[in-house]
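Below are two complexes that have chain A in common, paired first with chain B and then with chain C.
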Partner chain A sequence: MNRAGKILLPLAVTVVALVGWHVGVRLVKSDLFPTPMDVVRGIIELAQAGLLLKYIVASLFRVTWGFGLAVVIGIPLGLVLGWYSRFYTALNPLIQILRPISPIAWIPLAILWFGVTDAAPIFLIFLASVFPITVASCAAVHNMQPVYVRAARNFGLGTLELFQQVIFRACLPQILTGLRIALGIAWLVVVAAEMIAVNSGLGYLIIDARNAGKRYDLVVAGMVMIGVIGLGLDCLVRQLEKFDEVRWGYASNAR
Partner chain B sequence: MTLRRTILLFALAWTVAITLLHGALNLKLFSPKPKSGAEVGRIGFLPVTCHLTCPVTDFINKQNEGSIFEPVRFNSWPELKEAYLSGYTKATFILAPMAIALREQGVPIKVVYLGHRDGSAVVVHKDSNIHRMQDLRGKRIAVPNRYSNQRLLFFRALKQAGMKPEDVELIEMPPPDMPAALYAKSVDAISSGEPFMGQTELDGYGRVLWLTKDVWPNFISCVLAVSEEAIENDREWVQELVNGIARSGKWLDHDMDNRMDAAKFVSRNYYNQNPRLLEFVLSKPPDRVKYTDLVPLKPDFEEIEQLGVESGILEGTAHFEDYVDPSFAAEANRLSAYDWKEDKE
Partner chain C sequence: MKESIISIRDVWMTFPGKRQGEQIHVLENVNAEVARGEFVCIVGPSGCGKSTLLNIIGGFLTQSRGQVLVENAPVNGPDRRRIFVFQENGVFPWLSVEDNIGFGLRNMPADKKTAIVAHYTEMVGLSGFEKAYPRELSGGMRQRVEIARALAANPDIIYMDEPFGALDFITRLKMRADLVRIWQAEQKTILFVTHDIEEAVQLADRVFVMSTRPATVQKEITIDLPRPRDLDSKGYLEKRDEIFKAMGMSLKIGSPADAGGNGGRNPEPTAAVEQT
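Moving on, here comes the complex of A and B:
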């Protein structure tokens, strides 16, 4: 497909969806559910009040730290689990038990442990994203071609070097796929994480708008902003796939 | 540039930038701050009229000699309760039966003052054919929480109408979601603190079935509770807090001008709601909610206890003396209303 088509096609579909939304609201004659224009006005109102930037920064801050901690802990943990089968046997059941628990279920504990500070939502975002990263890293080691390790051993690499120079690099493409999914999840749980009474953030915006009476335009404005920023984050992570260190891991026609 | 250097540099720059921005914009780290909440003591509240004296006290204090506490707004009961249990808030506005239940479970909590009297309603959709209590048979009714007094209120109203609890279906729902649920007719009646009931009237799809004052005069739903630790170590602060709440209650009931001022500054600075909402529920009718006569009295709480036991939320093991410390209210109640008027240019 040519370059223009890559932009025009999704744009056209989006416009059709927006028109469908507008017509839908008009047909149902609901004065509670906002039209796309109401939502745009809501976003402008937020921007003029200076709240939009504040809330976006707050949400990005929490996701940055929650996701960052998950990367720093999840990747080494996953590599170790994948390499040492004894660790895997010992820890995997526990990880699989913790993994399916929704961050919403952790909210009460997060408040009890961290109070109503930024640490609580960061903890929830960390929990939501650390398991996908660990599992992806672990699976990457399991799927790694044994020939890399044998070659490395022949060169006499120590354990730490083996992890740094060979295992991590060999697993990088698969880990990145895991990171991409985990970042999506981290951004997804921002609403749930900000249900805790922090006083900023896009998730807070949605909860706060519910308090404000009939401001469902602001609820949807929060949803739209989360969606648009999520798209931006995904584009950013996909840029990583352009590097040679990663590219070899993908089939040439994958992109 | 290699992948590793790019990622490390980008991640570092991004983390530093977003942290600094968050610190500047939201945490106000770089602008002078009078006193942090940890020093002055935080008080939990919800954006409902039952807790109106909390922001009013804070606002008037700030205009005068400076606030003695930091109000922390929550969005639902469980989070408010958990923040109190974790010690994050030193005092909190809370549902009376919830405070009693916490006491029964061994939480060192004491009720020191009432939040309000009356100030609740049962609202049905204006198109429905529900006109009396008996019409609610088999219907679905939303209440804020199992520990909410609205639920007890319903039990009492059912008894008065000669009906049994099984005759209706009570479901729990956060008050901010109630107006939309009634609009969509997914529930037949809703009951919570204002302004969420008034909102349905204002928007033209809700009809009041009855106000609390019609079924249970002098109804109490929320109280001000503090930790026993604060009472032991910080009596002065608790007294000052109760004084402020008592004085702003009297200020609110002094005249309608004060109430309209409060509706404006509370909506704008604390609740983030349309001021029309608070103006409506504070004035139509004026005795929809009252902020005077707020000393905790034994007979009121005995009635709540009894209804709580009957409806299965209380064990009946904690009594007035266990969960109420009326010593602060007596002194506070002798004080007069705040002498404060908004400057009108």
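Moving on, here comes the complex of A and C:
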């Protein structure tokens, strides 16, 4: 497909969806459910009140901390788990039990431990993203071509150098895929956490707009912002996949 | 014979089999000596354990019995003075060509390192590709990067495990010519495993012919042909036939056309010289 088609086709579909949405609302003559224009007006209203930027920053702040902590802990933990089989045998069952517990289920404990502070959603985002990152890093070590380690050992690398210069580098493409998945989950969880555990952020905006006067235009405005920012975050991580240091690991773009 | 740099003494290797208690005997009573500066090829039938032997000498595997001495000391793991060139290509895909070639020079001053890397990049014919990444190179070029990386580390010995096995015929011929030229310039000891008899005759000073499993060095053949070697010369063909014979192979492929059965079609090769 040519370049113009790649832009025009999804654009056309989006326009059709928006028109469908507008016509649908008009047909059922809903007082509560907003049309696309109501939502745009809602976004403008939020922006003018200074809330939009404030809430976006609040949500991104929490994701940055929670996700950042998960990266800093999850990658080294996963690499070590993948490399030392004894460590893996000891710890993997515990990880596999904790992993399927939805971060949402941790909300009561998070509030109990951290109260209504930023620490509660940060903790939940950390929990949501640390497992996918750890598991991806660990699996990356298991899938690594042993020839890289053998070559590195031949050149006399010590254990720390081996991790930094070979194992981490060899695993980076797969780790990056894990980070992308984890960031997606983190962004899902921040909204849920903010609905319950704090008084700011896009999740709070949605629940507050509903509770404070059934402002569904603002509810949908919040949803749209979450979608747009989520897309932006994913694009950001995807840009990382284009670097020469990792591009070799993705089969689709051989050159 | 010159001073011996590698001594293989009564080496045995046994792997545990798939079934409980099963033992697979791969190497049995292997004895050989390699002299300093010598180019030795190890040939043998596919799966005979020649790679296993090279991995033992290189320190990546430990033999079940016997001893391998390199520079008069028992081998105790891989060593940066003896670099291994891997069959499956051990070039790091996340590093550029120049960073790969300089990998063994991590603790060297930058200017000295740059000079060495440039020297070996040129020697293997990769000038102009310094900033390229392995994924942008052909298989032959990637193998050149690995050879340059090995040479740049200035090892005494280079172990090569079927390094040209994955390359096409023309590239292989070219790589062999380049390898001999580099070996003549650098005076390294090279121990080279191959299943390709022609390759061994083209490259080596001496050829170790291994038997089928459990393998041992059943014959050592000195290739005293002058270099550059003429692949049509009588001496070359004689050496080649000598190795074929040592491996118990006939040089005739197919049964006679009047042999009945399939009428000569779809002939089974008497000697399957395996190709990768």
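Couple of notes before you dig in:
We take it that the second predicted complex is superposed on the first by the 249 of 255 C-alpha atoms of A that agree within 3 Å, B and C clash if a C-alpha of one lies under 4 Å from a C-alpha of the other, contacts with A are read in each partner's own complex, and residues count from 1 in each chain.
Here, a residue touches a chain if its C-beta (ideal position, glycine included) is under 8 Å from a C-beta of that chain, and two chains touch if they have at least 3 such contacts.
Keep in mind that this is a model prediction, so the values were computed, not measured.
After superposition onto chain A, the partners chain B and chain C occupy separate space and fit alongside each other.
Look at A:V166: by the touch rule set out above, it reaches chain C but stays clear of chain B. Aligning the two complexes via chain A yields an angle of 160° at the C-alpha centre of chain A, spanning the centres of chain B and chain C, rounded to a multiple of 10. By the touch criterion defined above, A:S129 lies against neither chain B nor chain C after alignment on the C-alpha atoms of chain A.
When both complexes are overlaid on chain A, the residue A:V147 reaches chain C alone and has no touch with chain B. In the superposed pair of complexes, A:L112 makes contact with chain B only, with no contact to chain C.
Applying the stated contact rule after C-alpha superposition, one finds that A:G156 touches chain C and leaves chain B untouched. When the shared chain is aligned, no partner comes close enough to touch A:S137: not chain B, not chain C. Of the two partner chains, chain B is the only one touched by A:I196; chain C is not. Set against each other, chain B and chain C differ in how many residues of chain A they touch, and the higher count belongs to B. Within the superposed three-chain model, A:T35 lies out of touch with both chain B and chain C [touch as defined at top]. In the composite built from the two structures, the nearest CA pair linking chain B and chain C is 10 Å apart. The residues of chain A shared by its contacts with chain B and with chain C are 244-246.
Taken together, the chain A residues at the contact with chain B in this complex read 31-32, 53-54, 57-58, 60-61, 64-65, 68, 107-108, 111-113, 115-116, 118, 195-197, 199-200, 207-208, 210-214, 216, 240, 243-246.
Chain B meets chain A in the complex at residues 2-4, 6-7, 11, 14-15, 18-19, 21-22, 25-27, 47, 72-76, 78-80, 82-83, 85-88, 174, 176-177, 179-180, 183, 195, 199, 203, 271-274, 277. Interface of chain A with chain C (complex): residues 145, 147-148, 150-151, 153-156, 166, 169-170, 172, 244-249, 254-255. Every residue of chain C that touches chain A in the complex is listed here, in rising order: 58, 60, 77-80, 82-84, 86, 88-90, 92-96, 103-104, 106, 133-136, 153.
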